[in-house]
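Chain naming follows the written order as A, B and C, and within any one chain the residues start at number 1.
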Amino acid sequence: MTHKSMSTEAMDLLHSIASRRSFIKSAAATAIAGGVFSACTDSQAQKSLMRKKDASGGSTAPHPAHVPVAVTAAAAAEEMDRMHEAGIKAFPAKTEGKGNQLLNPRIEKGLKIYEVTAEKIQWETEPGKKVEAWAYNGQVPGPQIRVREGDKVRLVLHNKLPESTCIHFHGLELPNNMDGVPFITQPPVKSGESFTYEFTVPAGNQGSHMYHSHHNAAKQVGLGLLGAFIVEPRRPRNIEKADVDYVMILNDGMHGYTLNGKGFPATEPIKAKLGQKVRVRFMNEGMMIHPMHLHGMHMTVIDKDGWAQPAPWKCDTLNIAPGERWDVIVNCNNPGVWAFHCHILPHAESEHGMFGMVTALIVE
Amino acid sequence: MTHKSMSTEAMDLLHSIASRRSFIKSAAATAIAGGVFSACTDSQAQKSLMRKKDASGGSTAPHPAHVPVAVTAAAAAEEMDRMHEAGIKAFPAKTEGKGNQLLNPRIEKGLKIYEVTAEKIQWETEPGKKVEAWAYNGQVPGPQIRVREGDKVRLVLHNKLPESTCIHFHGLELPNNMDGVPFITQPPVKSGESFTYEFTVPAGNQGSHMYHSHHNAAKQVGLGLLGAFIVEPRRPRNIEKADVDYVMILNDGMHGYTLNGKGFPATEPIKAKLGQKVRVRFMNEGMMIHPMHLHGMHMTVIDKDGWAQPAPWKCDTLNIAPGERWDVIVNCNNPGVWAFHCHILPHAESEHGMFGMVTALIVE
Amino acid sequence: MTHKSMSTEAMDLLHSIASRRSFIKSAAATAIAGGVFSACTDSQAQKSLMRKKDASGGSTAPHPAHVPVAVTAAAAAEEMDRMHEAGIKAFPAKTEGKGNQLLNPRIEKGLKIYEVTAEKIQWETEPGKKVEAWAYNGQVPGPQIRVREGDKVRLVLHNKLPESTCIHFHGLELPNNMDGVPFITQPPVKSGESFTYEFTVPAGNQGSHMYHSHHNAAKQVGLGLLGAFIVEPRRPRNIEKADVDYVMILNDGMHGYTLNGKGFPATEPIKAKLGQKVRVRFMNEGMMIHPMHLHGMHMTVIDKDGWAQPAPWKCDTLNIAPGERWDVIVNCNNPGVWAFHCHILPHAESEHGMFGMVTALIVE
């Protein structure tokens, strides 16, 4: 066999932050290769791929039409490899800000109180790529809220955005006046105002839910007003007990293709030790499906939208549609660095290397 | 708590037809705000959202490029709220024509005879928005046909369209010469001609099916040549017995994003009393997936394409792909007006307010 | 009844190769009718349909804007029928090259050895439509590989492409260094180089899997570097035993909408005798969902990604997302020629007739 194992080397690289800088530089210096991709065929399908890549905002390449044709195929091929390698070496690349951080409540007389402020921020999705975001508590996704069946919860929303907003608790079966739909269940929360949601988490309503804006939501959710709302059960089933409990929020709006608010190589690897169980809670806050594919091990699907499936079932590619949540268990019995990505390939890779909805499950 | 319940007020509003007029007027007067959305970012993703909204035909806004920039953020925010409110207040807005009406057969010697005429009509999808439709019996969707396992059925298709057509009974397992595919199972039915389909509904072939054109169908179905074909079982299962049996046909073609041929606010609310069971029969006649999300209560999925699932399962967001039918049961145990919409947000909301694939389940 | 059965006639036609030539000629001569479709409405949705058709590359029509308006509706309708008929009569149209052919291994001391060469070829997707493909062993899809649980396998990849490549065994749970992800598990295989994959197929990892490029994959897989990798179980379940075992690989990249590398009418019909069982192994190697609809008989879903579903379930339309594999059984109890197609209608039909993701299940 002519190959040698790269997995140890790759694992070392995963922790190298120095290499990130070279990736960013190379992305600018070599963007010219973007033209090669579009030159090899003039089909509309392929142009559309290019456009999708552009739409994700990940590219600083000049428009293909302005690229000199004199790049040789061999040089282009080398360049393509180099960009792919730089991306992998940069992973996980450091960026400013981390979303989906656990928010600890203030507790008053058994009431769990959360304060959430919506405001406009700058958000770094990939090294050097800053975008405007509308965020809860300065994070995209917003802070992760974890409560338990039967908990009494108060969530105070402060609106520092330039327009009205509102919070809908997607998946929670609350009294109608807590449902967060402007002009149907409450007035919109105007800029500068606050609004208090208060409810008891219904028994049986456990699982992976979400909170997000339900006002001008195609824009507001696209810009980042979303977060995980996890309801832990009073009596967990054996099948759902896991060593690592990981929330993965998919998005595809104005910030490009992201996992928890970041695009590869700035996405976060999931880490587990050999023999451990990882629970992944997929949540789609975007506008497109994302069939997430895990390499090396299968996923056992246990819950849909927080509800137990009648029987667990296995797959390696799970299609997650907008608004859906799916919970899966991975038995980490295969050591290595395993790619974990959306299998709509233009959401995950271009001639410039992997980008967007790519991360890794690292089993040590 | 700083909020007050709006649900009673909202329910009153649902029946106010007077407000509809103001909605239509306001839509024209305030369309200028359309430019604000596109001004706040120049990402291609967002432009694409705008285009989708335009494609649905719901907007009469001038092109963003022609909008003066001097609209202040505060005024734009107020205007956005006002448009959202007007949309909600207008719901359910009155429009001309109602699709999916039950068609009673003529019965001759135990044979159920249906006459269906395909012709070009004008169809009002939202207040003031008339489109060309190709319709069965002047309705989009066409009239709802309900038969029972084992029934003898004759359906006479009269073609008053400018081109040939044909009917395929999607989901029914008929003899090949009744399958409705031109040049494979029958000649196309020319303009001005008629064709008779006659068959016995197979035992076991119960459930939510469809009938639609299978000739030049990307155009003909897109323009409205489609309808529900329900086969009632001889012995209904307990789980499928419901107080309200509601067919919801999704479409996304030339008429924009529609539920039963209408876009919000002209969609029809589903009404139930507290404690009742509602059966929703989702049918997708469009070209895109639509993950339908119900607020406030979960859905129990019982059937796929008319076939019982091995075990019922629960969700709040159900992804429905083109050609699929899914039957769900909702136990209406939570009173209020509950939003019920496609969770691909640009199919349901824009800066102009909710539109397209939005309705409500009202539990009184 | 005014109709007569066409199914016998149609079956004869299916084997007429002579008619293919007239289809090709007519496609050129009558392309003018393409303008009629776009003239009947100016909605963006419809333009988008036209574009999709163009993107698939199936049309040689002049741009709608250049078509004289004087085509009468009646003539256009006749022309539309004629094109539809020509397409059906041409099916199954002969084209050069056949993908997905079973590859027999060389066996050395119990090791199954496969040699796979990746190179650039010309590939005929429909009669007269040649495209550039990047192919394994000159086929799109690449040759079908069938092994058994526990088999020792060696696959030697020879890279004759102008750039680096790599093979990922999608669905197989291999040691990390055999996973085929450049810079994570191995170096990319440079142009002119070879690479040897060698592994034991894990017990329990049976079913419908795939092998494909995982380097610059949005391009390389789109151009054809993909194939079926079937793992037969040591002890097949009764439910999976079938008389006909058919792999159907869906794709929607640079080659248009294809089933096993061909667009209708060059797709391959599936043939079975009355009473036989057909197993279809759907595999999606594209970028879009494809809800595959079978006429006349339902499908019983048994496996997802090679894993048994907890209980089989029935449907007539099965949504297959990128990267997914679904195995279904069809009990062929209904004789005739049954259309079998993607139910996203613009992936299957235009004013020019059926194209792309259409085939037939013929029960004799």
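Rule of thumb we're sticking to: contacts are C-beta pairs under 8 Å (C-beta built on N, C-alpha and C of every residue); 3 or more make two chains touch, one makes a residue touch a chain.
Bear in mind that the values here come from a model prediction, so they are computed numbers and not experimental data.
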*Angle (degrees, nearest 5) of the CA superposition of subunit B onto subunit C*: 120
*Would you mind working out whether subunit A and subunit B touch using mostly the same residue numbers, over half shared, or mostly different ones?*
different
*Approximate Å spacing (C-alpha centroids) for the pair subunit A, subunit B*: 31
*Find every residue in subunit B that makes contact with two or more other chains and list them.*
289, 310-311, 319
*Quick one: in the complex, what on subunit A touches subunit B?*
51, 54-57, 132, 162-164, 168, 170-171, 173-177, 179, 181-188, 190-191, 194-196, 198, 214-219, 221-222, 252-254, 256, 287-289, 304-307, 309-311, 319, 321-325
*Can you check the complex and tell me which residues of subunit C touch subunit B?*
1-7, 10, 37, 40-41, 43-46, 48-49, 73-74, 76-77, 80-81, 84-85, 88-89, 289, 291, 293, 295-298, 310-317, 319, 334-339, 343-346, 348-351, 360
